[in-house]
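Per-chain residue numbering starts at 1, and chain names A, B, C and D are given in the order in which the chains are listed.
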């Protein structure tokens, strides 16, 4: 693949709109929209977040970190659970008519104002109020 | 703004890499990486998912749906909580060295095989095993 | 069993101290206390709460209610997940040196003051601030 | 208070039936049963479990342990969040017609069989399958 094509391909796949479009096509081909109330999508997002959390159960923070670096199977499961959270988040946003990139960008901007660099730098106390 | 510029702008903001880059710059300017163990990032993602869920507490599925369409304040809060979940998901992925778009794309492909259209179409039973 | 014995038996089993004593004996016979940090016990309680929530996924409130009344298998699973939440709650309380009955009683008392009957009666708005 | 009275008092308050009776009286005096679908009670239990988890956010396991022992304010907040989880668990059980003490006792018995002392003793591997 030429460098330019490879870059275009990457852009395509890391684009929220494209992922959402694929996901909605998947859903609609199976006629599953009828089951997807916004409340149940949000509930499902929570269940997937919990499965991600389960991967850290009975492991210290250091052990989790090491497993993510060195244990291929653990990293694959992390990837799968992150994917599940992400897909439900895209479905929630689509259902609620939200532009995820926009609200996330706005949130970073708000946090930049809320936590000025000079005050927040290396400051755990401020940090815990994030 | 010219049409082409507007399109470029949209691409920039809905691009996972760009959002992640902004978020990491925000984090590093404040020297906060030291607080961000993978275990605590995943735990924090769960807390934000729960705040999103709280917006649906004591509301029927129909009321949630209607509020998302007609209640500007409710929709703004939905947007903020979705943003918080999304930002922590980006931090988790960055910390774990995961490419979110890649794992999400792979998961859709896996689900396309797991739930063939002809069998899954409009089928809630199959669906609940998703 | 005589009526008095039956009553004593009931008292014994529904007593928090007795349940906790049985649970701690179970844990200590297996030398598992070493794995039970308070943080991981609380995390585990969340995972079990999530498994309970999963039983309601893709079901309307009315369907959940009906299943709890009429579906023996569903009710058994509800019982198991509630038991898991309860057992972790007892372990959390034991580890943190908390008297669950005392803090729960104090919370009811606080709520009785916070939500006076005359103002709160049938009032969903007040209620949602509970 | 005489020793016997004190003991009776303790029995009364640590009894699940009595706590449930107080809680139901509280609920019914405010005519709140109408808001308490089983699905929303279970959802609310999850929200409270999450508030308990939030107390451990950005704290290592050791710091959480120490705070529970030495920080009076932290311990009070632990107590409040545990109480909230407990009260919703009692409401869930009452609504679902479950005897919490019974299902919890049965679960301990099942775990005693599932994890025989000789095999499970000090064994984290077995443990993580609990």
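We take it that a contact is a pair of C-beta atoms (placed from the backbone, for glycine too) under 8 Å apart; a residue touches a chain by one contact, two chains touch by 3 or more.
Just so it is clear, the structure is predicted and the values come from calculations on it, not from any experiment.
The set of chains touching subunit A and also touching subunit D is given as B, C.
Chain pairs B-C and C-D differ in how many C-beta pairs they share in contact, with the greater number at C-D. In terms of their C-alpha centroids, the spacing between subunit C and subunit D amounts to 4 Å.
Subunit B and subunit C have Cα centroids separated by 31 Å.
Of all residues in subunit D, those touching 2 or more other chains are 35, 40, 43, 46, 50, 53, 56-58, 60-61, 124, 127, listed in ascending order. By the touch rule above, subunit B contacts subunit C in their complex via residues 43, 46, 57-58, 60-61, 124, 127-128.
Every residue of subunit A that touches subunit C in the complex is listed here, in rising order: 35, 40, 43-44, 46-47, 50, 53-54, 56-58.
Remark: subunit C residues 11, 13-17, 19, 22-23, 26, 29-32, 34-35, 37-40, 42-43, 45-46, 49-50, 52-53, 55-56, 59-62, 64-65, 68-69, 75, 78-80, 82-87, 89-90, 92-93, 95-108, 111-112, 115, 117, 120-124, 127 touch subunit D in the complex.
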